[in-house]
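Some structures to go through are shown next.
You will see two complexes here that share chain A, one where it goes with chain B and one where it goes with chain C.
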Partner chain A sequence: MARQEKKRDVVIVGLGWTGSIMGMELCNEGLDVLALERGGDRDTVPDFQYPQVADELKYGVRYGFMQKPRKSTVTIRRSESETALPYRHLGSFLPGDGVGGAGMHWNGHTFRPMQEEFELKSYVEKNFGKDLISDDMAIQDWGISYKELEPYFDRFEKVAGISGYAGNLNGEIREGGNPFEAPRSDEFPMPPLDQTVDSNMFADAARKMGYHPYHRPSAVASTSYTNPYGMQLGPCNFCGFCERFGCLNYSKSSPQTCILDALKRKENFEYRTNAEVLKVELAADGKTAKGVTYIDANGEEVYQPADLVILAAYQLHNVHLMLLSGIGQAYNAATGEGVVGKNYAYQTNGGTALFFKDVDFNPFVGNGSNGHVIDDFAINQIDFGKEGFIGGSYISSGTFNGQPIRSMRLPADTPKWGAGWKEGIKDWYGHSMAIGSHGSNMSYHSNHLDLDPTYKDQHGRPLMRMTFNWKPNDIRMTQFMKSKIEPLAESMNPDIMQSSFKSEGAMYDVRPYQTTHNVGGAIMGTDPQSSAVNKFQQSWDVHNVFVLGASAFPQNIQYNPTGTVGALAYWAVDAIRKDYLPNPRPLA
Partner chain B sequence: MKKLIKIVAALAVLGAVAIGAIIFMPFSRTEPLTELPAYYKVPEGHGKYVMRMADCKACHTADGGEPFAGGRPIESPLGTIWSTNITPDPENGIGNYSLDDFRAALYDGVEPDGTHVYPAMPYENYRKMSEEDVRALYDFFMNEVKPVAKKAPETDLAFPFNQRWGLRLWNWFALGDAGHEDFYDDAVLNRGAYLVDSLGHCAACHSPRNAIMAQDGINADDSNYLAGGVIDGWLAPSLHGENSAPAKWSEQDLHDYLTTGRNSHNAVAGEMSQVVGDSLQYATDEDMTAMVTYLRHINGKSPSDTVAVANDKDEDANAAQDETTKLLASADPSMPLGPRLYLDNCNACHFVNGKGADGVFPEIDGNSLVTADTPNGLIDVILNGAVLPSTEKRPARLAMPDFGHRLSDEEVAELATFVRQGWSNDAPAVTADQVAAIRAKTH
Partner chain C sequence: MSDANFKLNRRRFLQAGAAGTMLSAGYASGAFAKTATPALSEFTPEFFTADEWKFIMAATDRLIPADGEGPGALDARVPVFIDGQMAGPFGHAADWYMEGPHDPNAPAQLGYQSPLTPAEVYRAAIAELNAWCNDKHGSIFAELDKATKDSVLTALEKGEIKLESTKGANFFSLLLQNTKEGYFADPMYGGNHDMVAWKYIGFPGARASFREWVGVEKPYPLGPVDISGKRG
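On to the complex of A and B.
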């Protein structure tokens, strides 16, 4: 028999970016809010304190801040014909764990999608015809427009304190910014950061080819900054320990630096760590949630009643909890029925490495969001009909990390160990750079999430099963990027150049790190038959459950997801405050 | 010979009579400064506000203890003084105090049974409190504080300081008249002076102590008024004079420092963290403006004066500043240990120019904690780190990590000496023994 705790107005599952935003905004409404975080507590000091946190082996290689597969993982297969196996060693993606979630170990790239991306299906059909969308493809419109979300992007960027330069300010195209971006209503809160050698070389080469380089929008502070909650960031020192680390310097935006100390002051807020939610408990009719059940730090099962349940866990865990709790109908890939688990998508990336004997890149200087970017081959710049694919990429170059172990790029013919390897390191450490493409990934009927029939987690719950593979459309897209990046790289006259782009027949490989941009599974939309949540991130079936985060993306955008995740959270909480709380009901 | 004995005997008798008089003469408490009308009611919320401005909580609450239940050790040169339980518990607290008893404790430092409290309780300052504020405080403690039935530890000082009757003598010497006189024709300045001198009891730390350890400089016309003091080896910097913060900083900087614990130059550390965290952050804008205006006024600044942004230091100081910055920026591996340790430990936030970043990373160059005559505060912060209090306007508990675990006493001494003499700083060197002493004391 589970212990029962005092009922709360709101229970939030997960205390990362979206959980912190919800906590702050709902506490400001006067609600009694409890956040449950499955991992431990984390704060800048002592958990990210200088210099202990700059330990690449512990955190960069051994994943000190990530979820532990023995406690929580998924099973993965590439098609219905394979048997899914547990993801026992982290590789391809790295979900976070603990207060701050993945929002503390990210790099800080904070883009806004193009307006066309929110209406992708309609955009393709209107401009290139329905035939371009293959039968297996499951792309959808989001049910929300860029224009509707714009104020919420602005809000999130001010809270997170983003550095950058607006290329489209209220319709005015400005030199030095991204001319292809959707209009912004305001400047970035901070000016862009200084750039490293590779980033500037790339920008020069791109300019010469007639492209339009701009500074990557960055959740790494270029100056002192105070956000609307009074929280503060200090200027980055380019130590290069962003990705996989908490920031030791109060320079990287995270729930810790931007929200949590302000939230913890509130008397109507409480959070419990090492509290892993097992299930959302539904009322007998299944139309509302009564609360959640979780396992506390002592392993005891606790029933926590609440009027409003916010799923603010990582994308995979949000979908898993919905499947385990029976919120919405589970997706069946064979019949195409059901919505929860459909449209799982990822990110289609590639890159070219350039080696220059005579250039010193000082790779120990960098920051997670360093770099110049071009959007000349982004979604609204490509003739999909002519090129034969749907999608696009941004192309960029910069030094994200100054971490020695993972920053020893070597020519392909260098031995992997021994004297030859040492020789290669001697010759090439600090003499290379890379140009990468970061691209969209479409959704497909066959790429999806469901409950695994075999494997169970430590609490006896079925693991979630991921069925995912690369598809020809996205491979054509990434090959197109290769055809644009290689001439650009060649124009820079490197001594050696080597490319790595997925080619025809490529299969998903879970071992090498690719990106922690897992999306979909509880997608938003305008129709309960084809989406799990409405445009306000509210479950179609259980109206007092809101599901935040990238699980709502119907397919993946060409950009990093956090800016959109943050904007959607502010959008959803605005609807909760203004519309739902006065009259709790399905909002759409 | 006989005569001498007679004289000695006479003196002894006189002395005994005098001591007897000091001990046994009935003590007369200070009367209320004003008679409030019978219908007077404390305005809603005023009691809590006065408590905050007087910062009762900081001393009367132990770390992790119940609010106002006492038990916080106050280190004094005489030994440890334990703060008392001032919750309305009748047995262990002040539940049986009448308003007159309460006022006598605030004004005269006397408990209802005639026991004198040690002047760690700043009744030298609180005796300037208005009757309205005394009433408000009394009302707050009697009605808004939860009684805690727990005895605070007895203060047990060594002889002769355990002879509390001696405090009657001390009081005769140390205490001025009760009440606060309005010196100015300006209501803002009068309010500022009242808050600084009475409730805020700033002089308790920021004025030096005289030969009998009384506050030397309690009124604006005292020569040592707010001229700087030392608390447990930490400098409580001067608030008066050319190099003091109120003279150097802008109105906004002072306002920010006092309400949020941080500004574009510096951040609070040590005892001042509590003052900001428990007290000053709650000051109304009006009251904070009054305090800031007053502190600037006594330094010859009017509200319209802006502080010159240009560095008015002499050329030598500017050259020294550049020299240190260049040395650090050179990253030359052969540089001396002090600057090398700075690069390896401090530079990430405070940067090569020692200027840090506004509101987040304090300046090292020209920082009063860094250049204090007594380096205890600086050593403590290097060894143990420091955390800013969370305040309403700036909630972030920005923290400097501790470096004691990775730096030896010798290294801390080298580093501390470097920052005390780098840029335009010019303070005496720190020795490894000084570091060892602070390490032993704070661990």
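On to the complex of A and C.
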């Protein structure tokens, strides 16, 4: 028999970016808010403090801040004909764990999608014809426009304290910014960061080729800053321990540095750590949620009643909880019926490495979001009809870290071990850079999430099963990027150059790290037949459940997701405050 | 023969230590650190048996040999690192999902699918590989000459030697990964002794503050520091 706790106005599942935003905004509304975080508590001091955090093995290689598969993982297969097997140790993607979630160990790239990406299906049909969308493709419009979301992007960027330079300020195109971006209503809160050697070399070469390099919009502070919640950031010292680490310097934006200390001071806010939610409990008619059941730090089952349930866990866990709780109809890939679990998508990346014997890059000088970017081959710059694919990429160069266990880039003919390897690391450490493409990934009827028939988690619940593989459209897109990056790289006259892009027939490999941009599975849209949540991130079926985060993306954008995740959270909470709380009901 | 190897390794280690002392002359703390650490040949492993330890010493010495410029795996005390890892949470797969069923014949791209922990993989694989070496070459791995050791490691890397006891786990890739980790990780984990690998490639370790070096294209002048505060 579960212990029952006092009823709350709001229970939030997960205390990362979206949970913290919801907590702050709903507390400001006067509601009694409880956040349940499955992992431990974490703060700059003691968890990210110098010098203990500058430990590549513990955090960069053994994933000290990440989800432990023993506690929570998925099974993975590439097609229906394969048997899905557990993702037993981390590799391809690294979900977070604990307070701050993945928002504390991220790199901090904070983009806005292009306007066209929010209406991708309509954009393709209108400009290139329906035939370009193959039968297996499942792309959809988001049901929301860039224009509607713009004020909320602005809000998130001011809270997170983003460094950058606007390329389109209220329609005025400004040199040095991204000329292809959608209009911004305001300048970035902080000026762009200074850049490392590789980033500057890339920008020079890109400019010479007639491209339009701009500073990557970065959740790493370039100067001193106080955000709207009174939280303070200080300028980054380029320590080189950013990606996979908590920030030792109060420079990288995270729930800890931007929201939580202010939120924890509120009397109507409480959070409990090591509290893993097992299920959202529904009323008898299934139309509303009554609360959640979780396991507390002592292993005891607890029933926590609440009027409003916010799923603010990582994308995979939001979808898992919906499937386990019966919120919305589970997607069936064979029949195409159902919505929860459909349109799982990832990110299509590639890159070219450039080796320069005589250039000292000092790769240990860096931060997670350093770099210059070009959008000359981004989604709104490509003739999909002519090129024969749907999608695009941003292309960038910059150094995030030079930690030698995982950031030892070597020419392909260097032996993997022995005297030749030892010679290679001396010759080439600090003498290379890379130009990467970070691209969209379309959604397909066959790429989806459901419950695994065999494997169970530590609480006896079925693991979620991921069915995902690369598809020809996205391979064509990434090969197109290769054809643009290689001439740019050649123009820089490296001593050695080598490329790594997916080619025809590439199968998803769970072993090497690729990206933690898992999206979809609880997608937003215009109707309950084709989406799991409405444009306000509200479950179509259970109106007092809101599902935040990248699980709402109908296909993946060409950019990193966090800017959009933050904007959608502010958009959703605005709807909750202004429209839902006065009259709780389906908002669409 | 293994004794001879040990002596050779120890001599090499002491030579490297002497060179390091000359380079860092004037730093008393460095000199103290050296005298405080027992020689590798006198180290008593926590996890590995004596036979396994011989293999680890011999194999890591081939994966990162002392030949040529720069420290070898034994100079960096990589075996000490691996022993510590196998005795600790990583060796016991503390964070990994280990529930069955296991399909050791699964495509490699679906990742680690062995029921064995890393420590169990080392134990089983070393025994099987030593048996293979005995069968094929008449002695255990550690007692083979350098060229034969390299040919065995190459065959293992290419999958030409199939270790039945550790299917679903790639022992060679685990060993190589752990060897490189021990070479480059902070010295507190037992390897990268005296920051030799960091000094060799020019990585400043845990300095973690480079504001004035952003965009500067010339060699960084300072040597490494480790997490304990020692200077290399």
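Going forward, the second predicted complex is superposed on the first by the 587 of 588 C-alpha atoms of A that agree within 3 Å, B and C clash if a C-alpha of one lies under 4 Å from a C-alpha of the other, contacts with A are read in each partner's own complex, and residues count from 1 in each chain.
The rule is short, and it goes like this: a contact is a pair of C-beta atoms (placed from the backbone, for glycine too) under 8 Å apart; a residue touches a chain by one contact, two chains touch by 3 or more.
No experiment lies behind these values; they were computed from the predicted model shown.
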Partners on chain A (chain B, chain C) - clash or fit: fit
Chain B versus chain C as contact partner of A:421, first or second or both or neither: second
Touching partner for A:248 - first (chain B), second (chain C), both, neither: both
Contacts of A:357 with chain B and chain C, given as first, second, both or neither: neither
First, second, both or neither for A:365, with chain B first and chain C second: second
Which partner, chain B or chain C, touches more chain A residues: C
Touched partner set for A:50, first chain B, second chain C, both or neither: both
Contacts of A:91 with chain B and chain C, given as first, second, both or neither: second
First, second, both or neither for A:237, with chain B first and chain C second: both
Lowest C-alpha to C-alpha distance for chain C against chain B (Å): 5
Common interface positions of chain A, toward chain B and toward chain C: 50-51, 235, 237, 239, 248
Touching residues (chain side chain C, partner chain A) in the complex: 62-65, 67-70, 72, 90, 93-99, 101, 103, 106-113, 150, 153, 157, 176, 179-181, 184-186, 189, 197-198, 200-211, 213-220, 225, 227, 229
Residues of chain A touching chain B in the complex: 43-46, 49-51, 223-224, 226, 229-235, 237, 239, 248-250, 257, 261-262, 264-265
Residue ranges of chain A in contact with chain C within the complex: 50-52, 54-57, 61-63, 68-70, 73, 76-78, 82-83, 85-89, 91, 194-197, 199-200, 235-241, 248, 359-362, 364-365, 402-405, 408, 416-419, 421-423, 425-426, 429-430, 454-456, 507-511
Chain B residues within the chain A interface of the complex: 345, 347-349, 351, 357-361, 385, 387, 390, 392-401, 406
